[in-house]
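I've put the structures underneath this note.
Look at the two complexes coming up: chain A is in both, with chain B in one and chain C in the other.
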Partner chain A sequence: MKNKLFRFKIVWGIIFAIFILAGGYPLYRHRHYSVQLICGPGVTEIKKLSDYFPPLKDTMADTTIFVLQGKEPGGKALILANTHSNEPEGMLAVTIMIEKAVVEKGTLYLIPFFNHSGGVNTRPGEGYPLYFSIPTPWGKKTFRMGNRDASPLDQWPDPDVYIHYPEKQMLSYLDIRNTNRTWPGRKNGLPMEQVTYAAMELLRKEKVDLAIDLHGAETMFPVTNCIVAPEKSMRIATLASLTVKSMEGFENHLESSPSKFRGLSHREIGDYSDTLPFLLECPIPFLDQPTGPKTEKLLLDGKDSFLLSLAKKKKLFVPYDQSGWPIEKRVGQHLSVILEIIKQYSRKMPARAIVIKDVPRYPELVKNGVGYYFSDPTKVDPKKIVNQ
Partner chain B sequence: MANIIMILYYFISLFFVLITIKNLIEEKKSRDRIILYLLTVIPFILRLLRFK
Partner chain C sequence: MLVQTLFISLIIILAFVVAKWKKLSVELSLFTATLAGALSGAIFATPPLVEIPRQLVEGSFTYLDVVLVFFTATLFIAIIQESGGIDFAVRSTVVYFSRQRFLALFLLMIIVLIPGALTGAGSVSLLVVGAPVALALRGLGVSDNKIPAILFILAGLAAAAPPVNIWAMILCAGTAIPYVGFELPLGLPVIILGTITILILGRRQQERGQLDEFLSKIKLTPGMNWFRLLIPFVVFFALVIIYRLFPFSFPILGLPLEFLIASLAAYFLSPKKLNLIKIASSTVEKLLPLLATMVIVGMLQQIMAASGVKGLISYAVLIIPLGLLFFLLPFIIPISEGVLTYGGAAIIGIPLVWYLNSLGYHATIVISGLSLLWPLGDGLPPTALIGRLSAIVSGYEGNYWRILKEAWLPWIIITVTGILMILFSSKLSFLVIS
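Presenting the complex of A and B:
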């Protein structure tokens, strides 16, 4: 009997060890997987967010900033992607800009993985894929699929109630790890408050004119397919929205930044600096709750039969048909709206103009796809590759 | 403060791993309890290994 029980313990101990390794190792690999970003001809300097706030150095919260400085002085714009790492359209748009954009006048600061800890976090409980791959002419380029919030391995414990600094508004406990609820940040706060504090330091020290935060939202959520802007940015947002609608033919409406909902980039950047903030939302069917399995295919093509039946009942806030909402449309929308905001600002403030060339717009993305704009990392100078 | 709590949590996790494995080794009768100990220890091991 004693021997039998001992054998039982050994056998089941081994089975459970296999469970732990089979379930845990993919998560470990995901956390340590690096995405290869290729610096194009426009990248003039690579910085870290910790350059603006040294306590972030050597932590998972630190992230890379790609600086594209033009030959002529002009205005400055900061573009943030992966504030929510389960909304990767912005990150893909910024990755294309890093590879392709050339700035002739002014300066661009590009942060492809703003909440870096969120980018190495996962959501396996909801069946999210750990990675997604974009087809390119030379093969597939694989990216991490992240989560909305920073990893609890990097910031824990969460408070019972998150009290926003400095406005003291009470928010959900989870939002203390959400870098679109921790603006304008806190110098001696928790890591995600320090991330937004560092970004505010960048905006203040570099005297940045425009900050554009790239997001995506459910098709069943009204704040999607839009530009969210506070009062001070609304004029430029309106001109950009009208122009892309009339010239490029995609829907893009305006949402006013609520003054009583604190912690969001489009509110706090405007209130706590001289920068004009904008937040761009594109529709991501993958994020909707009533869909089929959360597969890589759904993330990329946005096709779902449940959403289609809801669209027929007019329950969605965006146009939706059998063609879904493919990633090239979403990335193209972000790129066109970014370029249009910068163009409208440059018209209004010629002395602070920013002139960018070689960035594809919506029609080109729809025609060529996203992968068309990614270079083969095996065929570029290794010094141009940044692992992030 | 949060960092101190986080470090303490790793020590608490380690304590639960050790006490559960001790109970598992000392269990002489119940197969159900053996499975229960093995199930209980999983989240603590995952945290100690910083998998999740």
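Presenting the complex of A and C:
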């Protein structure tokens, strides 16, 4: 009897171990998977965030900054993507800029994986795919699907409530790992507070004029398909919004940055530096709660019959039809709005102008797709490849 | 897609029912339902068959932090119990307050509310003070059936009480509404509803003889005193409060470590020698069903999301006409909590708040009203987290449904209050001071 029980336990122990290995190994691989980024002709320097705050060096919180400096001096802009790594449109837009943009005047600082730890994290309970692939003329380019928050492997434990620095506002305990709640950051804080602190150091030391933080939001969320800006950035945001609507035909309404909601980039960057902040939101049906299965297909084409039904009942905040909200439309919107904000600023401040060329805009993205702009890594100089 | 997700939902329900019919435990029945959901989802590659182990392992981590808090908090209270602290506290409290019964009940209510209000978890209230309060209630003549009912309702209200309300925080994080101005919309109803609860469930006193008999049964451990008893609690609350007072200079320890530090204080202050390994083992043994439920609910939630069932639930709620929705909310909200625990707030709560907000309802009051309904679901199967903990800490061994039956009147009053708050949210906006 005793032997029988022992054998039973051994058999189930082995089954359990196989199950853990089969389920755990893909998660391990995801954490160590590198995305290949290809430096285009415009990249003049590659830096790390830790160059602005050395304690981040050799940690999972450190991330790569691609610098694109023009021949002529001018203004400077920082573009952040993957602040929330489950909103990959911004990261794809920045990846295209790294490959294609050429700066003639001024300087661009591009950070494709701002919350790097969040990019190697997954989202338990949400059933996300681990990766997504963009079809290209030469095959597929595969990216990690990350999480909104940094990995607990890199920052843990969480407090029972997160108290924002320096405003002391109480926020959800999870938000202490959310790099869009930890601005303006804290020198002696937790890793994600240090990430935003390092970014603030970059803004201050390099005297950056514009900071654009790229996001995505649910179609049922009122703050989607928009530019969020504080008072000081609102004029430029308004001109950019009106221009893309009239010239390129897509809506991108304006949202005012609430002064009582702390920790967000569009609030704190403006309050704690001279930089003008903007936060761009494009709609991601994948993030909505009332959708079908959370598949790679839904992430890429944004087509969902539940959302379509809710759109007919006028319960969404964006126009939604059979065509869904495909990735090329979302990436295209981000690129066009970025370019327009920079253009409007350059018009207002000619001495600090930034002139960029060769970045595709919304109509080209919709026509050609995202993958059209990615080069085949097997056919470029290996020195031009950066693994992230 | 509707047919596909409905099919998977039916398989999940059917598997759970069959497993229960075959007399499997709640945890194994939930696991069976999860596996059935994953396999039926794999027919449509949602999730693909090869991904099922990854989805299950990933989902099992959804409530890891809750599992750690449950274990460390229960270990803490088990050490206090083994050292004779609980018997001492109960005897002293009952002897001192037995002549001022309402005051005693009111103080016990406040004692239950504080840990949950500070941490956002009703379970922490029960794990830290549930056992001594249950004994104190018994000493005050509250009947054995009503004690777990009182604890269940009060622990739920504790979780809803400010400053930390996890449901409200999840909703605020998901809807980009600042978590400010909740003190009155949450604090006032919690105090009023808590008082009503103890008046309804605790007003009847059993015969006086019961008290003397009860006191004679309690054996006091030599050497136990207020100092030895209170210092571990002081250590715990000091660690919780000190972070709030000095958030930028005091390190973040997290609730599990805070409970472990308090446990060490209790261990070293115990008047008798304790076997820590033995206490930890029996704690794990006692909590295993609850911890297993949390792990498996995380897996179930993951499979429901990957297969579209989670989205179907959210969609089903959103297509209900507004009038009918208000009528159904008292059922939908607690049931979502019973099935998905905090996941219910994300799946149903976030789109609901956006929807109601777009119709002119005041978001902060709506969230507060919903926050009163969610804790009720913690008494509902399959998880029934707070309900089951209430039974465990009060030593109740009767039929579980009896606890809910005893709590029916406070349940209805809380429900009506929550719904009225949502309906008249605009008129109650004066409560929001930020």
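The definition used in the following text is that the second predicted complex is superposed on the first by the 387 of 388 C-alpha atoms of A that agree within 3 Å, B and C clash if a C-alpha of one lies under 4 Å from a C-alpha of the other, contacts with A are read in each partner's own complex, and residues count from 1 in each chain.
As a working rule, a residue touches a chain if its C-beta (ideal position, glycine included) is under 8 Å from a C-beta of that chain, and two chains touch if they have at least 3 such contacts.
Keep in mind it's a predicted model, so treat the numbers as computed, not measured.
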Examine A:L153 and indicate which partner it touches, taking first as chain B and second as chain C; both and neither are also allowed.
-> first
Based on the superposed arrangement, let me know which partner A:K9 touches: chain B (first), chain C (second), both, or neither?
-> first
Regarding the shared-chain residue A:L190, is it in contact with chain B (first), chain C (second), both, or neither?
-> both
Thinking of the overlay built on chain A, is A:Y28 touched by chain B (first), by chain C (second), by both, or by neither?
-> first
Considering only touches as defined above, state whether A:P41 meets chain B (first), chain C (second), both or neither.
-> neither
Thinking of the overlay built on chain A, is A:I20 touched by chain B (first), by chain C (second), by both, or by neither?
-> both
Contact residues of chain A, present in both the chain B and the chain C interface = 19-20, 23-24, 27, 122, 156-157, 190
Give every residue of chain A touching chain B within the complex, in rising order.
-> 2, 5, 8-9, 12-13, 16, 19-20, 23-25, 27-28, 122, 153, 155-157, 190
Interface residues, chain A side, partner chain C - complex | 19-20, 22-24, 26-27, 122, 124-127, 130, 156-161, 163, 165-166, 168-176, 178, 186, 188-190, 220-223, 258, 260-262, 288-295, 304-306, 309-310, 313, 315, 317
The chain B residues in contact with chain A across the complex are 2, 5-6, 9, 24-25, 27-29, 31, 34-35, 38-39, 41-42, 45-46, 49-52
Under the touch definition given earlier, write down the residues of chain C that touch chain A in their complex.
-> 1-2, 4-5, 41, 44-47, 51, 53-62, 65, 118-120, 163-164, 166, 169-170, 172-173, 175-180, 240, 243-244, 247-248, 252-257, 298, 301-308, 310-312, 314-315, 318-319, 343, 346-348, 350-351, 354-355, 357-358, 434
